[in-house]
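Chains here go by letter, A, B and C, matching the order in which they are written, and residues are numbered from 1 within each.
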Amino acid sequence: MKFLLVEDNADLANAICSRMTQDGHVVDHADKILDAFAYSETGDYDLILLDIMLPDGDGRSFLKRHRAGKKDTPVIVLTARSQVSDRISMLDLGADDYVTKPFDHEELQARCRAVLRRKSGTGQTTIRMGNVVFDPVAGSLTIDDAAISLRNRELRLLELLINAPGQVFPKHKLFDRLFSYDEDVSENAIEVYIGRLRKHLEPSSLRITTLRGLGYRLDYD
Amino acid sequence: MTEAVNVSGSLRRRMTLTLIGGAAVLAVVLYAVVRLYAAQIAQQGQDSILAASVTSILDAAILRDGTVEVDFPYAALSMLSTASDDRVFYAIHKNETLLSGYEHLSPPDGTSHTSGTYLAETPDGALIRVATDSRTLVGADTRSVITVSVAQTQEALQVTLNGISRNVALFGAGFFCLSALLSFWASASTITPIRRLTSSIARRGPQDLSPVASPVPSEMVSLVASLNRLMGRLDKALAQSEDFIAEAAHRVRTPLATVRSHAEAMLHRVDQDENRKALRSMVRAIDESSRAAGQLLDHAMITFRTDHLERKELDLTELLQELVLRLTPVADMKDITLHVESKEPVLVSADAILLQNAIRNLIDNALKYSPVESDVMIHVSARPLPTLEIRDQGAGFPQDQIAHLSSRFSRGDNAKGIIGSGLGLTIAQEVAEAHGGALKLSNLPGGGACVTFSL
Amino acid sequence: MRYILFVISLLWPAFISAQTWEDQQLFNEAAPSQTLRILSSTDTAFFSPIIEDFLEETPGWSVEYLVTGTADISRVLQQDPEGYDVVISSAMDLQVKLVNDGFALKLADISHRDWAQWRQSLFAFTSEPATIVVNREAFEGKPIPGTRQELIQALRAEPDLFRGKLGTYDVRSSGVGYLFATQDARASETFWRLMEVMGGLEIRLYCCSGDMIDDVASGDLLVAYNVLGSYAAARQAQDNRFEIILPSDFPTTMMRTGFVSKETKHPAAAEGFVRHMIEAQDLATGAKSSPLPPLGLHPDGRNPTVIALEPALMTYLDKLKRRTFIQEWSNAVIQ
């Protein structure tokens, strides 16, 4: 997916960009409103991440003009301000959601998915693999046209694995992506989800292989 | 929320009293002047009749064979008849000798040529008005000065004056009553612009610190100008403090966000267990401190706002559903389902921003303490009070600390050493109390916490 | 000097008691307690019913009724204002002057017709016209004169018949006579012509109405002018030898008045007496018992044509005025 990140803090922007890229997204970065307009008018973005305090103005003015220009690209606002004062006006001005800094990257991703699901509908990001059709945004999985209902964590696990079939994911990598930092569980908790996903994928041509001591890998028959 | 104001009298009362006082003085002056004038006119009337009587007697005085004869007409005294049957006295002097009439009417100081009117007293003490005139009769070898005095008591005059006084007093009283009514009206209408200004300021929302724009009477210009200046300064000060809080949040959170992002990115790159542990606890620490900072700043903002609740009619259910929509992605991450049980719109008059913040904090808490793949039930009801009940399937509050938790919310004690849930509950409690409601904590029989937030 | 004053003060009561009364009567002698002294010009016979009624209503009192001439009343009262409680006279002018000079007590509680009272002090209780009384025999077969003018013509027609047989008040000594004469003179010149005619016929002068009526009845007089109608009417009840003429050209009607002396020692009783007197003589309220005529009322309720109770009555009491009037009168009457 293609993101536009409007953020004036270069360090933070770099961190976000590198994380997004890791996940296989394309990210353009603008550090002021002027540039943001230029990008948004030329590029075709799936989602815009917008900081509110920018050197050449308030992110809200971008939001206003963006909506006035009949663009329906969803916008998620990144705000460092007090939750109390900004929240309402942001939504009033047409932001689709907001995340308070500092944010959990997984939460940001979850919100992006939720916004995209609401705005763009399904079928945009469909991945087909044998008899499996998977849409990470819609969170839907069908095997031989039979819809399989997955829990959120199972979906996210599948998304991780399906994006890089054949790649070995160490246990701790998967753990980091699935569990939040305040959850006090051991890395072995991941085995439960691997087990569940395996069960769901039984009728499919996809297999999760355990490589002892190394991690897990999605194989495709 | 009535601030104690040092009251010193009432402008309206003072004005009314001043006007009434003025009217009273005017009425008394009017009474005195009219009465004096009436007394003069009445006295002039009596004087002219007395003078006519004197003249008619004088005219009848003739000198015949050296003897003075005064064959004065009946009318001379008849014209002095009054409704009050005033007593009548007269005296006819030749030079300084009394020819006939009353001795006590001798012209004052024996002056032979006198004319005019004056007040005198009879020997038995009655007040009389005397008119005197004289005339010289020239005989063959004599010159006699005939002096005639006619006097009358003043009873009819007094009756007339009393009548006039009564009428003038009635008129004065009427004038006074009318003036008093006018005073009430005048002071009420003068006060009206002040009232209008007061109510226009009282009706304003807490955020409205714009200058008073409606026209005011010239006397109030400097007051309103001062008020506008004061509000301008206040607006600026408030904007500054809001800006300060926003700025503080920005300053704290942005670097934290950077550090967190880097730490997270780093975590994904390192494999060694001890490094990962360190990075994870670093991220946790960042989360805790950012949450604490956020809540402290939110709390400051909420404290600031609870002083001027910006109440609006709103639907609690709708507000809740909006919030749940925002929090679902977060809940999903732990596979927690948020259930909203609501049968009807619950209309309340409340500050939307405060309510949102309080409920968000409560749901955040529930999510935080709920186990993976559990349910959080949120129940909204309108009766007996607008109430929100949040139940989770977590461990519940430590039983021995429920009372303690509640008492811990009190102001002054909340800031120290409380990170995380503590301030969230404090905020919720303060918001509930600012709206006249309460926050109750309890544990469910089957396990799990239950928070009841009522307005 | 002091000695002389002392002697005078000792003799003073004796001097007062030396007053000679025309009549003097004590009513209800038996009552030992208090006595109301009434100074009056009205004959006792005319007044006694009123007094008797009053005593009936007010037990415990006796009334001393003292009669003297109208002109004398002023003098008597001025000499001893404390000695008399009620003063009654037919000489309105003298009464008005006494009140004007402050000898009367104000009786605020008595409500009387406005034209019949003055200063709430002087109260009228009869109205009595001045009449001409003629001997019936003398006018047998002749028209009886109805006006002063007709009387003049009758006198001129038979001067010899009337010479020395005409009478009227001696205005010099009679108060009521003076009042009638002056009011007549005010009203019309006819009075003077009549006086001149009568003076030419050797008019006889009287002090009192009673004497004139006696003489007309007996035939000593044929015509008496300005006789008190009330006395004549009372006499006519037993004696019809005379005719009473109420002159129709202009009437001269006097009111008998009374007041309470300012110096009275019994103000309440004196006021009670005046009230009783007014009520007894009021046709509207009282059952009249006295032979005195009532206070006449005009049929319409308006003021009757009576001599007005006003300070102007004092005009003819003026020394100069009186001197001039008496001079003129004497010139006309005494020839």
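Here is the rule we go by: contacts are C-beta pairs under 8 Å (C-beta built on N, C-alpha and C of every residue); 3 or more make two chains touch, one makes a residue touch a chain.
Remember, predicted model here, so these are calculated numbers, not experimental data.
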Comparison of A-B and B-C (more C-beta pairs in contact): A-B
Farthest-lying chain, centroid of Cα atoms versus that of subunit A: C
Geometric centre distance via CA averages, subunit C-subunit A, whole Å: 142
Distance from subunit C to subunit B - Cα centre to Cα centre, in angstrom: 82
Centroid distance [mean C-alpha coordinates] between subunit B and subunit A, Å: 61
Subunit C: positions in contact with at least two other chains: none
Subunit B residues within the subunit A interface of the complex: 242, 245-246, 249-250, 252-254, 256-262, 264-265, 267-268, 271, 273, 276, 280, 283-284, 286-287, 290, 294, 297-298, 301-302, 305, 326, 328-330, 332-335, 352-354, 356-357, 360, 368, 372-373
Touching residues on subunit C, where the partner in the complex is subunit B: 99-100, 102, 118-120, 186, 308, 310-312, 314-316, 318-321, 323-324
Complex contact set, residues of subunit B against subunit C: 68-78, 80-81, 85-90, 92, 99-101, 122, 124, 126
Complex contact set, residues of subunit A against subunit B: 9, 11-12, 15-16, 18-19, 22, 53, 80-88, 97, 100-107, 110-111, 113-114, 151-153, 170, 172-173, 176, 180-183
